[in-house]
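Each of the next two complexes has subunit A plus one other chain: subunit B in the first, subunit C in the second.
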Partner chain A sequence: MRVTFPHMGTMSFAMQALLENLRLQVVPPPPITNRTLMLGAKYSPECVCLPFKVNIGNFIEAIELGADTVVMGGGIGPCRFGYYAELQQEILQDLGMRVNMIVLEPPQGANGGLWSRISKLSVGQSLWHVAAASYFAWHLCKGLDGVLQSLDLLRARETVPGSCDRIWNAAQKSIGQARTYRALRRAEKEIRHEIATLSLHLHKRPLRIGLVGEIYMLLEPKVNLHLAERLGYLGVEVHRSMSVSDWVARHLVPNPRARMHTRKVHEAAKPYLRGFVGGHGLETIGESVLFAEGGIDGIIQVLPLTCMPEIVAQSLLPSISQRYGVPIITLVLDEHAGEAGLQTRLEAFVDMVGARRVHRGGGVSCAK
Partner chain B sequence: MPSKVFLGLDVGSVSTKVVAIDALGQVLASSYLPTQGQPIAAIQSALREIARALPPGVPVAGVATTGSGRVMASALVGADVVKNEITAHATATLRVLPSVRTIIEIGGQDSKIILLNHGVVTDFAMNTVCAAGTGSFLDRQAHRLGVPITALGELALQATSPTRIAGRCAVFAESDMIHKQQTGHSLSDIVAGLCEALVRNYLSNVAKGKTIVGPVSFQGGVAANVGILRAFESALALPVIVPEHYDVMGALGVAYLAQPIAGQTRFRGFGVVAANCQVKGEDCDGCGNRCEVVGFSINGRVQAYWGDRCGKYSHENYLSVGT
Partner chain C sequence: MIVGVPRALLYYVYYPLWRRFFAELGVGCILSPPTNEAIMNSGARAVVDEACAPVKIAMGHVLALAPEVDYVLVPRFVSVEPRTYICPKLMGLPDMIRQSGQKTPPLLAPDIDMSKGYFGLARALMDTSRCLEKGLWSTVRSFHHSLAEMRRIKHKLIAGQTPEEAFHGTSRRRKPGRRLRIAVLGHPYNVYDPLLSMNIVDRLRAQGIDVITAEMLPLEHISLGLSQLRKKLFWSLSKMVLGAGLYFVNHAAEVDGIILLSSFGCGLESLVADLLERHARRQEFPFMQLTVDEHSGEAGLITRLEAFVETVEGRILNARNLSPHGDHEFRHAGTP
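Let's turn to the complex of A and B:
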């Protein structure tokens, strides 16, 4: 069995660690490139969302390298994602690729289904070993997410452009490739040291922009055209509403702090949206309200073209914008690499947010 | 003779605009040329026109660029400021017509709406997927009907009963126009219908969900078309102003933004009009992204890089070219 999985930000590192620690032969998909997108777009339904297409590209490229088993997420609710794994399996089969697809879905009612699927991956290993490997993968993911979060905030202040990117590249190699707690701790210590000694413009008061929206577009830099980095270089402190480990904590493990946050988000969304609309539509609303209440300077919603839950959220964002006087912009991304158009919108948004802050008397903005 | 001038360049996909202003913000010279897929040559010709129009020997104290070709233009001329089109248009309008609350800008390939309040941009939008409401589409239709683009607006004003043309999409609009033409509608009625369709398309695609408050300024190349201007006035039931330099407002805006740069300019001088520029793309195999890294060189010396996602090459620009 040679196992592969789709890319999604730091999840790929955690997934690879988990599967390797389960002593499986792992074939990670090659990094997302134009070829990945091209393959995905070619073999996917035309109107499906971008994450689906990138998944297909990842799977095909991994199968070319010898993968025969795909681990894919599943889902429940109105978002089409719940059906993706089934459809993707059929597409791969039609292409003559013989693969076994293992779908990990959040348990609904009986947990037996999920467990029987996990046990396909953990042949001959104790429950204890599976739990320990999962726990380690979660730690690794949390470590990487922590670094990512710091760099999202610090990039606006770096004195040498590119130094945050260099730390991120180093973290992916050291933390991302750790397979024991000892190696993980050592890697984290090194990266923390690098962050602590980063040369920064400390007098700067960067603009603060919150990112909300569909999870895949929010977390996969190759697909969102490196949105967080772009904003960082425009002198903006980036606050993401979600990370991979947040998602795991909120959905998969019984984590009281994460549950409390989810309740807070739903509560904040209540005046605008009271129910689950699939995907992260409800979270987009709730997190936007929390960002606005926290005095953020601007909010950016990202979604893949045709994303239903986020379209519902998009139609409610103007009321939040009006109620709190916070500028909100929606970026709809698809396979086109219209980087110039994206950059123009981001620059204009940052200028606008900065001018508003000066106008409100909030001090001088420090966009680079 | 002015003591110094500031240059603003707006390098759009369809047209290239250059404006020269003096220290007080008065327009001394302006140039509007088709880009024709060759922005470098267009910038060089436009600068040549400007140099000819300016009194000889007047020093250039600051240069700024905007438009989709702004990064390349900045590397070519040596710009002090590089700004997006939204901010550029807003800056120009706020200087020229300070009371304006809404800017409608329709250019060759894109269109924008910018809302202003108390001298600050409060909201904006650009067309995303469709070019139906833009200048290139009008250009194409004028060409098909055998009417010079400059006469299209006047022709629309002669209409007695404008026909209804679908404005949602360029393809639908064109087939609608052909249908109307073959059923015998007069040319002026069809053109007037087209103007109304473009305005409907703009209001429902670009300006959707935004409250348009007067005074409204209509700028960009398409503002030359009086047919569209009248259609906007009747659709909005508001007076619409077309500023004097409506076709070069983006360039004018960045020229204003260059004004604070008094003294230390990076401008390479008007000599760039004769420079031999080369753009060379190479696939970088540093990682799986395989970006096409573009090197821009003037007279054989590489001046800037772009196209790399990791910044290995382009970070060098950040060190030398401020934004």
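Let's turn to the complex of A and C:
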């Protein structure tokens, strides 16, 4: 059995570590390139959202490298993601690719239980071993997300352009490839040391911009055209509303702190949106309110074209913008998104946000 | 007190229920006019570009009702059966209307959520009666009557009337279509909206074609179609479309072809249409998907409809002359 999985930011590293620690033969999909997007767009339905298309591209490229089993997530609606795997199976089947898809999803959605699906992946391993491997994968993911978060904040202050990117590449190699706690701890220590010794413009007070929106577009840098890096080079401190390990903590493990945060977000969204609308629509609204209340300089919402929950959120964001006097821009991306167009819009937005700060006499508060 | 009902979205499913419900409660109820250009344009201006055409039309209807009514009925439809949902955009619709910055009358927007069982309905009823300042008992009684009305309407639909005909009793005696029988599938607010669908049902009927839609199919047939799926669908609207589609594909004697009418950017249909198309292709069943939005041109639609009808007709007339494995070219009837 040669197992593959779809890319999604730092989740790819955690997934690879998990599957390898289960002593499976893993064929990670090649990094997302234009070819991946092209393959995905060619074989997917025209109007489906971008993550679906990228998944299809990942699967096809991994199958070309010899994968015969795909591990995919699932759900029970109302976001489209819950039904991705069903159609993806049909597409791969119609393409004549013999592949076995293992869909990990909450038990209500499917006929087979979740455990029976996991046990397909963990033949001959004890429940304890599966739990330990998952726990390690979570630690690895948390480590990478921590580095990513620090770099998002520091890139605006680096004195040597590109030094943050260099650290991130090193982190992907060292933390991402660690398979034991010992290796992970050593790698994390090294990377922490590098971050601590990074030469920075300490006097600089960069603009602060929050990123909200659809989770896949938020977390997969190849698909959002390296949005966080671009903003960093424009001299902006980037605050992402979500990371892969946050998502895991909020949804999969009983983590009281994460649950508290979720409750806070829902509470903040209440005046604008009455209930959940699938996907992360409610979170987008709630996080935007929290960002605005925290005095952020600007908010960027990013979503794939035709994303249903985010369209609801998009139509409510102007109210938040008005209420708190914080600029909000919405970026709708799909496989046709051009880098130059995105760069221009970002530059214009950052300039505008910067000008607002100057005219307020340098105060960071954005309340009206 | 007057409540306005927008002639949009789930009006095409639940209007008889609301009409009877308000009549029993003694609340006046008026309906917005059939969708026209002005309604669509005012709606499109008030909603974000990315929203789908049905949502823009619904906004237009709300704005059209605004000067005449005390309340507009825009229920927040979350779910109408256990473990399924309607559509994220409909779940956010009342909030989208409230935050649109337009002048609208107060919304009568009960949460209709039966995803965890039918008790969700009780809460929706309580909310409505509180909002209309009516007693709980009369609310429950009116609701009971309106459910009976829904059953009566379902019989009319199964007899082949479109929802508009069944709701308003405007159905005329028609000769049964001689030419063909075609299924027009899609969300009811796409298929029956006169502007968005460009009257596709009447257009086909005028050509002597019998039209059947998912709403005209008994529910047993729909669940028969759905039984082919590995994973249960979690959207009620798509269950109707896909269930009916799969039923027709596997009971080829029922209809001669399927037309799927979807609105551009519909998230549900993007998956479901493709799934249905794949099933139809495997069974070599005639299938066409039409995508419409607020910019659709009539000429394009007519051309595609004509081409589809002729293809389906040609298939029936010349089926015997077509080799099942594609060895021989199409031979005209009459040539030796």
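Quick notes on this one:
Here, the second predicted complex is superposed on the first by the 354 of 368 C-alpha atoms of A that agree within 3 Å, B and C clash if a C-alpha of one lies under 4 Å from a C-alpha of the other, contacts with A are read in each partner's own complex, and residues count from 1 in each chain.
Keep in mind that, in the parts below, contacts are C-beta pairs under 8 Å (C-beta built on N, C-alpha and C of every residue); 3 or more make two chains touch, one makes a residue touch a chain.
Since this is a predicted model, take the numbers as computed values, not measurements.
Of the two partner chains placed by superposition, subunit B and subunit C are both touched by A:P318. In the superposition on chain A, no contact is made by A:M97 with either subunit B or subunit C. By the touch criterion defined above, A:L252 reaches neither subunit B nor subunit C. Once chain A of one complex is fitted onto chain A of the other, the partner contacts of A:A355 are limited to subunit B, with no touch recorded for subunit C. By the touch criterion defined above, A:C47 lies against subunit C but remains apart from subunit B after alignment on the C-alpha atoms of chain A. Judged by the touch definition given at the top, the superposed model places A:V277 against subunit C, while subunit B stays out of reach. Look at A:P327: by the touch rule set out above, it reaches subunit B but stays clear of subunit C. Comparing subunit B with subunit C, more residues of subunit A are touched by C. Annotation: subunit A residues 318, 332 touch subunit B in one complex and subunit C in the other. Those residues of subunit A that touch subunit C in the complex are listed here as 44-49, 74, 76-80, 82-87, 90-91, 94, 108-111, 272-279, 281, 305-309, 311-316, 318-319, 332. By the touch criterion given at the top, residues 47-48, 50-51, 76, 78, 83-89, 91-92, 94-96, 99-101, 111, 113, 229-235, 264-271, 273-275, 278, 291 of subunit C touch subunit A in their complex. Every residue of subunit B that touches subunit A in the complex is listed here, in rising order: 68, 83-87, 118-124, 126, 128, 209, 287-290, 309-311, 315, 318-319, 323. By the touch criterion stated above, subunit A contacts subunit B in their complex at residues 30-34, 161-162, 165, 169, 222, 226, 233, 318, 327, 332, 340-341, 343-345, 347-349, 351-352, 355-356, 359, 368.
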